[in-house]
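Just so it is clear, A, B, C and D label the chains in written order, and each chain counts residues from 1 on its own.
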Amino acid sequence: MVGGGAGAFIGQVHRMAAELDGMAQLVCGAFASDPERSVRSGTEIYHLPESRCYPDFQTLCSAEAQLPEHQRMQFVVVVTPNHMHFPVAQAALQSGFHVVCDKPVTLNLAQALALQQLVEATGLCFALTHNYTGYPMVREAAALVQSGALGEIRRINCAYLQGWLAQETSDNKQADWRTDPQRAGSAGCFGDIGSHGENLISYVTGLPVTSVCADLSTFVPGRALDDDGNVLLRFSSGARGVLSASQIAVGKENDLCLEIYGEQGGLEWRQSDANSLIVRWADRPYEVRRAAWPGTSEAASAATRVPAGHPEGYLEAFAEIYRNVCLHLQGQPHQGFPGIEAGVRGMRFIDAVVASSAQGAVWVDV
Amino acid sequence: MVGGGAGAFIGQVHRMAAELDGMAQLVCGAFASDPERSVRSGTEIYHLPESRCYPDFQTLCSAEAQLPEHQRMQFVVVVTPNHMHFPVAQAALQSGFHVVCDKPVTLNLAQALALQQLVEATGLCFALTHNYTGYPMVREAAALVQSGALGEIRRINCAYLQGWLAQETSDNKQADWRTDPQRAGSAGCFGDIGSHGENLISYVTGLPVTSVCADLSTFVPGRALDDDGNVLLRFSSGARGVLSASQIAVGKENDLCLEIYGEQGGLEWRQSDANSLIVRWADRPYEVRRAAWPGTSEAASAATRVPAGHPEGYLEAFAEIYRNVCLHLQGQPHQGFPGIEAGVRGMRFIDAVVASSAQGAVWVDV
Amino acid sequence: MVGGGAGAFIGQVHRMAAELDGMAQLVCGAFASDPERSVRSGTEIYHLPESRCYPDFQTLCSAEAQLPEHQRMQFVVVVTPNHMHFPVAQAALQSGFHVVCDKPVTLNLAQALALQQLVEATGLCFALTHNYTGYPMVREAAALVQSGALGEIRRINCAYLQGWLAQETSDNKQADWRTDPQRAGSAGCFGDIGSHGENLISYVTGLPVTSVCADLSTFVPGRALDDDGNVLLRFSSGARGVLSASQIAVGKENDLCLEIYGEQGGLEWRQSDANSLIVRWADRPYEVRRAAWPGTSEAASAATRVPAGHPEGYLEAFAEIYRNVCLHLQGQPHQGFPGIEAGVRGMRFIDAVVASSAQGAVWVDV
Amino acid sequence: MVGGGAGAFIGQVHRMAAELDGMAQLVCGAFASDPERSVRSGTEIYHLPESRCYPDFQTLCSAEAQLPEHQRMQFVVVVTPNHMHFPVAQAALQSGFHVVCDKPVTLNLAQALALQQLVEATGLCFALTHNYTGYPMVREAAALVQSGALGEIRRINCAYLQGWLAQETSDNKQADWRTDPQRAGSAGCFGDIGSHGENLISYVTGLPVTSVCADLSTFVPGRALDDDGNVLLRFSSGARGVLSASQIAVGKENDLCLEIYGEQGGLEWRQSDANSLIVRWADRPYEVRRAAWPGTSEAASAATRVPAGHPEGYLEAFAEIYRNVCLHLQGQPHQGFPGIEAGVRGMRFIDAVVASSAQGAVWVDV
């Protein structure tokens, strides 16, 4: 693992998710930009032997590459701030390691395209942790839409509302880098969570966004990046939609929700009730499909671990990405995971959103 | 009452709402455009004496005006398709009758402005049945926002999604006129329900929309007016928002919802759980204010009739408009009701939305 | 109307419910035990002419009986405290008037049986306002169970929890008589709301309770009647169940809910989401049937007034009792209403509950 | 681990829960009663080295006890059917190993008391996986009740409804032993899930049940043990309650819920919305406390891993038992876990419930 030192909750999330299904284990890492803190984080937080806690990611890659194959790490997990995704992933791939990388894939589109070339050139596995696609009922939603049962898709509403950045923050590592263009990239809220919305829409519908009209805002004085916005969406198929994202929606936790309406039916999913998928029809009562309950798709069932009614949550969904990566690396059948294409598409989306808003909310092609 | 003949469910809604609190009674009307059907509707549906069932609205106004004051109607209720609002309201006002009119106020802005002049000139009462403002928890939301407790408002999300027009319709009187520009006006979905959204936002926040960027769609082939759309909103205060409305969201009933986020807190209301208002804060658990329960405002309490937990619904909210009109006509204190200004503002909004979309979704001032 | 004077919210509820569908109108009454207050309530609260506001119920019955048929009242509504139900209903029936009576039907079983004889002897209509049976989705539940689709019924859970009497009350007319054995009868909480639970179970399932084991409590010191209790239920069919009722469940509004499980499926209904009925199956997603939406029974549809998604509530359900009484009196087809048999059955249930609890919670046959 | 071989989902649950926080690791086991299957399960399901996969629990205990201390297992996890809990726990304790055991603690009370003696005699740690006590909002509920904020407790409602045994089963290992008195004990539904209800009540309120009146049923023909029941509860403090449990509530997943009402307030928790705790008051709006959100207790916060709004579920709650056991074994401060006393109390409860029902639902002291 690269990143995930003290103060970075996402490191533990990746560790728990990676290890949940007994298919992977955290064995080494470079956990912080400061060499001494990097090593100390590894031994103290992750209880790793000091020999596998490296001062920096370059050493991690070179040292591990020289270990005997059965001893060395199998893939690198990148959980740093965005600006380090590219150099770390590059080093890992060039050293022959597969990569699991947090989103958005890179700091900017140029890096994403360069990374795509490298992934293709090395033939190694690259997975992007758009973890919300790991929820059983998100899998069900995708299976349902792509089965055609809803008919041609017309309207898509997606929102991801948080409130944790509603005020100026100080001494908050998570807030600091996310609001700093040097480390986060050209978008704040839309880079961090709007990008999840785009990926979720794309994952569930299979429809690419073709143009956007974005009205981003920065409500907290002194902040350099957007902390809120609404984006009108057009899709190549003729579908229309809107994506809202906010970090200043006071009192909202991580309210990610998706509604999709086709000619014949509609669906609704919210992270706050993640194990339910509401499916609506014109001519009969609406139904609520539940994780691990009869009547859901193979894709959804494969993403559950316990009987229906024992709620599975965020970590389990996150683990689903890792489970499928591991199955893939073992050459076994799996349900897929987001890769470099999703990463490039996400960066194009972010660029288009930022460009649209900068011009006063005009239509920009993705 | 003018309108509300056979097949028009809204006539009975107005009758029930007007009479609920024992302050008004339906005594006469012209219920259909066809003279014979007009009279028959009055006697058969509303059980009125034939003498008070008139062949047309002109006769209604002139005949009633000649009755002794204690016998004649006190106000005219206009529940016709949109294109008849202006001529009927004009006739009523000119005959000296107060008017309660369904929304949108007229077929177009020119008529709305003419009507405004007439209302001001006559000094008579004009009420517009934006009935959703009558829900106790909408009143509570308005009181909360306007108390300043949420701080300055930043983000507003409103959606009104229906699915009943997702397919071509035939032999449906309600659908026919709503999709006909001659009778509905320049907007379909946004005239019928988008206008409720604008009014709800305006009522709760007191903030006027200053410009819109609207992407309207007509998904059902052959339909002359929009049946779906998303509109970016900007407010003079700097707040931003988005309004979605749809008649093709398959499976949705009448899902009107409103979310508002200020600097200090947020609120959420949905018609499907109309007696609850969720209020969120950054530093403590969220609270759910309930109609008729301790801890709600005087404005909300005044809009309830039964103890908490006995749900009140759509008809009771609708009745609230009538109750306040009656209190006003009696010279008693009341909680207010939407008037001609709200009607004019709504028509300006519809015009701006249609113009914006027609130009490819560009920003248009309201 | 008899009862419903100042301070009695239930009088207005009956008036609104009776008049909602335009089939009945409050025309006269004796509204309080004090003659002067009786007349004043009628003119001030209900805006009736003084000539039809009588000093007492005896005068009401005798005077109205002497009016010409087309002028006099058609039925008497009894909304007094329980101890007056019998004398008022008796006087009304003996004067030739149909009766609509609040629940529980009388002060005790002996009165109920006497009333039953009188109803049968006169052949007049007697309706008991177990108003919760008027909710569309309660009608749907009854239709569903009685269709056999759930299979033989095994388990029934019903609860009606309120919190308004959690503390000693003073100067609360509603509380005073409900906690006074002379006016309420032998049961407090179970007479007032437990009886609604029994009726709801019986209405929906058609199964009579055959024996009860009741553990009633009086938590508020000094109170003479139960304010809380749990009752084990056995049914002749072999089904089992439990009924909880409380007036001391702090913070609960009027949380009436019902769950029924049969061999093949289950259902769940709550007053707080009155327009939904959850129906569960073993082999497929659960469905949510909604008032006025396709896929509900004729019985449910007949109990709605507005399109799906415009919530109807307590008053509308209450009005359903009146609508069907009026249809019955007009000789038209209707969906039924609770009558004297339901009243007698309810009194037997209350008696058995009280006797069981008094003996230390032993089984007592109903 | 003892038990958890092929077909036993609970083995994986324990593995995931134990390992989630990086404080424990599954290193060895005897996974099935058949020696060959025991070893194969260990290597195939848990990917353990064959040397640590033992043919039976006796060998596991003796062999591990002879390993050097830093290599051998630290505690034994017992996940067998109930009848094996005692012999396995006994062997483990006698070999000097701490024990984590599934519930109910033993096959019968005599075994539970014998085990209690052994635990006390050895001074070793014994934890019982009443996993529902690990939910953050259950911790919050306990902290709230025990803070006295709700006042003295009056009413407790608990229900645990499942539907998976509504029909006769065949070839279902999980169903087979749970319905077999030789392996499950004297109670079926109440041993398996009713016992969770008793524990949850006891954990949250700190009040012991003093007597029960239980009406158990066996609805599925041919079944030897109860599959449904309702139990009236009395507590030493004067509180009253009711516990419902069912395995034949068709369509219910694992619907565990708890409501508690005190003199000053009430609370409500459901597993299906596990990260919320509803808290009600008489004089203000109800509040919804959320896991990881400001305004919750230290006990609740300590049981979360990710920011609010990223749902944690069943596995995370289960892991909470293990986390606190590990902290305890490390001599660190912790939030506690159920032990042998809870186990003995649970067996007394089951015995009393079964005895009460066998005598026709009479009151039996616990």
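Simple rule for what comes next: a contact is a pair of C-beta atoms (placed from the backbone, for glycine too) under 8 Å apart; a residue touches a chain by one contact, two chains touch by 3 or more.
Bear in mind that the values here come from a model prediction, so they are computed numbers and not experimental data.
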item	value
More contacts between chains, B-C or A-B	A-B
Chain located farthest away, centre of subunit D as origin (C-alpha)	B
Subunit A and subunit B: spacing of chain centres that average the CA atoms, whole Å	42
Rounded Å distance, subunit B centre to subunit D centre (Cα mean)	54
Subunit B and subunit C: spacing of chain centres that average the CA atoms, whole Å	35
Of all residues in subunit A, the ones touching two or more other chains	252, 279, 282, 286, 290, 293
Interfacial residue positions of subunit A with respect to subunit B in the complex	150, 154-155, 157, 159, 163, 166-167, 213, 215, 217, 219, 228-230, 232, 234, 240-242, 244, 246, 248-252, 259, 261-266, 279-282, 286, 360-363
Subunit C - residues contacting subunit A, complex	279, 282-290, 293-296
Subunit B residues touching subunit C - in the complex, by the definition given at the top	9, 12-13, 15-16, 19-22, 46-47, 162, 164, 252-255, 271-274, 290, 293, 305-316
